[in-house]
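There are two complexes below, and they share chain A, which is joined by chain B in the first and by chain C in the second.
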Partner chain A sequence: MKTVSIIFLSTIMLSTLSFGEEYVVISNSKMKDLSTAQIKAVFLKKIALIDNLNAVPVNLSALDSIREKFENRLVEMDFERLKSYWTKEHYLGKRPPITMQSQESVIAFVKKVEGAIGYINAKNLDDSVKVLYRWSE
Partner chain B sequence: MFNFIKKSLRNKLLSIFIIIGFLPFLTLLIYTLFLSESKIVNKTIDEHLERTKVVIELIDNHLESLTKEVKFLSSLDLMDDLLAEDIDKRISRLLTQKRDDLNLDISFMAVAPDSTIIASSSRDNLLKKYSIDELNVKNSRAYVKDNYLYMHSQINASFDKTKKLGFLVLKYNLKNLDLYLTHNTTIHSYIIDSKNSFIIGEDINLKINFNNKTNSIIDNNYVVVYKKLSSFLNDWYIVYAVDKSVALEFLYDFISFMLYISIVIFILIIYMSIKQSREIVKPIEELTATTDFITKTQNYSAQLNVNSQDEIATLTHSFNNMLKTTYSALQTLEEENRLRLKRFTQLIEVFNTIIQTKSEDECINVSIEEIKKLTNKENLHFQKDKNRARDKECTNLYVTDFENDEKIYFGSIELGIESFEDKNEQDFYNSIASMITLQLERIRLIKRTTSASKAKSAFISNMSHELRTPLNAIIGFAQYMIEYEELDEDQKDTVKNIESSAQYLLGMINEILDIAKIEAGKMEAHLENVNILEIVQSSYNMLSPLVKDKKIKFDLLSDNFDNKIYKTDPKMFKQIVVNLLSNAIKFTPEGSILLEIYNDEKKLCVSVKDSGIGISQDDMKHLFNDFTQLENVIQKRHRGTGLGLSLSKKMANILGGDVTLKSDGIGHGTLCLFCLQIKQG
Partner chain C sequence: MRYLSLVFIFLLFLQAEEEYQLGKGIQVGSLPFYVGGYFSLDYKHTDDIDRYRVDDVAIIGYGNYEKFSYMAEFEFKELYVKTEQNGLKTSTNNNNLYTERLYLDYNFNENYMFRVGKYNSPIGFWNLLPVNVLRETTSNPMSVNILFPKFTTGLNSSYISYGEGELKVDVMLQHNNDIDFEYNNYKINEHYGFGVSYEKNDYAVKLNGGYFHNLDKNAVEDNLYYLLLSARYESSKYQILSEIGSQKSKSRYTTEYAGYIQGLYRFSQQHIGVIRVESYDDNVKAIDDDMLIIGYTYRPLYPIAIKSEYQFHSQSDQNQFLFSFSVLF
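Moving on to the complex of A and B:
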């Protein structure tokens, strides 16, 4: 019974946790700390170099919910606005950030590339990457 | 060797036809046999070189497009996933997708700089190590290793072009190139490396030395064309081998067709040639046959028939014309010949007529008449005057004067023409003249001789008559003296001698007289109805006393005789029989004499057969000459005029019969036969 109640409780807890899930913006460990404004600038490709380091923003795929949340939270633009933004930027020779299919890929990429900045669900976080910003909703 | 051709026009034509008919064909055949093969082979080589060029281009394009693909793929942003070790399998999926699209035996591999294969179109080689050394060669986009072509392109990070993420490698199985090779039963194609060690496509076991400058090989079975591939495979060759039999199949077909056709055409040409040449030569052969026929039969009226209108027809026409001319010439000649013969016979007739003339005047007249007839000339006449007009041609006649033995002028025949047309005419008249002369001489000679002979006979008969008168006086007086004078025995003997000598002389004179009479033609037969047997019997009786003194058996045989009354001269008949009998008795010393009378067919024969001294064959021919007694002992023993047999024969001739003598030689007796054609009374 006890075990059953423990499983039940933990399930409820988990569900409450998921409701208030935590996300992180990560970067290569060599990256210095960045403010949200800086992160926003990097993702809009307004900043290319950070301390002589080539900043490489990594998006998740277009319809990913994390991406939506990240963009709403940090970039502060919804999908439609970003689309028109990147259309405009395209003519200036700038391209939107590269996209990765999965959070694992993002982690692997960020690990490899020195100036890489990405975002993942906090539960996937490991020690090999540096956390620049953390939020939950 | 070519004599049989030279000898016959037909063979000549035949060979020319065959040569003309067959030469172009032969040329074509030789061309197809010897030249066209290399031409066709060359054409095949060119064709296939062209084809290899196209194939090489295709392969080039193919490989080029693949490299482009590789390059394109390597430049995709997606390749950034390499950094994330393709955790999402996005690259692998793309590569697989791509491989499937290309549908080739290939595999794409994305290789990280640490030579780990991070993404691949095939799962097998994932995370394997890739020997990356070749990839680092600069300016190289591809290399060949273990029969695979590796095409590679460096992958750079999309966000940082200087950042090298690794390589995209396309492992291309060279066997894929088989797609571009032609495979069928006739054309074998393959791609081979320069060491002849690896072959893509069909292996036909052909060693090719690629160091040769040419790019074709013609061997017993194949026509081989090869060309170096370009770009990545520039040590490789594409080889096209065409079955020679197939490449030349058409040619061989054509050649066999030509051979069959040539046999047919050859037969046709020979047939046509023989036919044509025969047709051309046929009129010539006919010409020859006709000529032979004419030569054999001498029939110049033969003509040739021609159906054609060519030169041979012309030849035949002229031949026919020649024949016609010859025929007419021959006809004319024959006509002339006949005329000449007629002239000749006429001339002979003239001679004959002239010969039969009996007097000089008649001879001259007849001659002139005949010449007139012969030459159709009217103004011929005989001229005795020697000093006639000289303005006309004439033939002079000279006759021989036998007494002085010289030619004397007799006269001349005026021919009434100014001059002779030619020598022949003159000769003609001269020969007639000499003929007339001959006849004149003959007439003269005959006249002379007959008159001389008549004179002799008259002389002899006169002489005999004159001699008989004194002889009769001598005989009469001698008989008188014996009968009436008283003479002693000696005187009587003397007078008897005188009488018998005179008698003998008288007999001889009588016989001479008879001979002379016969020669003078005065002896004639006086035919009467007589009993022949009686005459013979009386002759037998008359002479039988002469036999008594000799030892001779003398018989008369008349068993085979039809005793009738016949018509003949009894005196002459008897004289002949007596003559023959007395001859037999005279020349038979002893033995037998058989007188026989018998009928032999229509003849009446009297034969006297004795066993006397006989006559030699040589003497037989002199027997019937006048005054001949055989010169032997007989002459000494027997007296006689020698006129007996000759006279008998002559008289027998007058009676229409003959006397013949047969003897088996001296000492074997004689058979004397008197036969005459006699008429019954």
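Moving on to the complex of A and C:
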């Protein structure tokens, strides 16, 4: 019975390790620490400047699953609600974040542009960017 | 000259590098300049009036560079109106191009922003998005029309802070004439106002107050004070929006109260149902009314709105049906 319990618990732990993907919000190393409310405000273009740096949020493409996870978790809006949000913001003179096709492009852009903020799968992380927020699901 | 400017802008449109998406405008070349616009057509039916109207045709241009951003909006208002009343048909054209918004913003830092020019007064929630296509009923609540100046020409300073939620403070200052007198619900040369709002998750509350000097020659009272309390809940399916306020002069209440509560339900992204209850008591015009408005909006795409509504008034001769078609491009 004890052996069965150990095998059962080990299986649960292994399945958690296998399926719990980790994601990170990254910025240029010159960016200061930001709260989740500030990250949300940057991606909704409510904050334009951070410590004299122009904030440049970077999205992955519309169909990317990491983008969906990020928007549900940090921006707290689904894709349809964001579409209507950006239509309203167009009337108010604001544009949606720029879009990159791959996580590699996001990392390269964030390294190069001081105010850039993006998000990637944590397994693609390297030391040249700063981690602002980390989550797993 | 104005028309030539419009033609010029549309020619620049053709040079855009970015792929066009309806409701998002388009970048002109690689300049920090985006162009878009909107229009609305509407129809109104009461017991004795049928009115067909090309109400708004507007063009907007905006952009940002470093710490600066700007907005310009020019609009033809009631470009064409055809009315049939008791068998009598009349039509009017208004070819005046009005300046609806024209301002420059300067962002000091992540907390402070400074604006100069003509802008939508940041009072309540409804007045921030006053165009037909972006709201869920063809009509506006009376409180938005009678309590405060919809537009301010002068300075606006705002402070925004992020803690558990979002706290925003606005100050409006006008001590000069409007950029375009005719395009405002009040003709004013002074407006001093404040706004404090707090937003957390799906909830938001806001308090506005202020003073303005009314220049209308027919105005009974010219020094007017207003107060407005607003609240909003919004999720993917529902929105509940309410605003209630009052306006007074030095000696009496000019509008004792004006307010509404509106509920919105999204059956899907395309089909939206709306119900609004309104009430107001306007002492200047000696009118008080209670209204129930039931509406339905169809959005084949979000920037296209096809709306119908029926208004039941306590003064039953005011009952009316409204229909509109509007597009943001």
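In the analysis below, the second predicted complex is superposed on the first by the 119 of 137 C-alpha atoms of A that agree within 3 Å, B and C clash if a C-alpha of one lies under 4 Å from a C-alpha of the other, contacts with A are read in each partner's own complex, and residues count from 1 in each chain.
Everything that follows uses one rule, which is that a contact is a pair of C-beta atoms (placed from the backbone, for glycine too) under 8 Å apart; a residue touches a chain by one contact, two chains touch by 3 or more.
Quick caveat, the model's predicted, so the values are computed rather than measured.
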Partner chain in contact with A:101 - chain B first, chain C second, else both or neither: first
Most chain A residues touched (candidates chain B, chain C): C
Touching partner for A:30 - first (chain B), second (chain C), both, neither: neither
Chain B versus chain C as contact partner of A:41, first or second or both or neither: second
First, second, both or neither for A:56, with chain B first and chain C second: first
First, second, both or neither for A:134, with chain B first and chain C second: neither
Set intersection of chain A contacts, chain C complex versus chain B complex: 54, 95
Interface residues, chain B side, partner chain A - complex: 77, 80-81, 83-85, 87-88, 90, 157-160, 163
Complex interface listing, chain A residues touching chain C: 35, 37-38, 41, 46-52, 54-55, 76-78, 80-81, 83-84, 86-88, 90-93, 95-96
Residue ranges of chain C touching chain A (in the complex, touch as defined): 23-25, 34, 36, 38, 60, 62-64, 66-67, 69-71, 107-110, 128-129, 131, 134, 160, 162-166, 201, 236, 269, 302-303, 328
Touch list for chain A against partner chain B, complex: 54, 56, 95, 98, 100-102, 104-109, 112-113
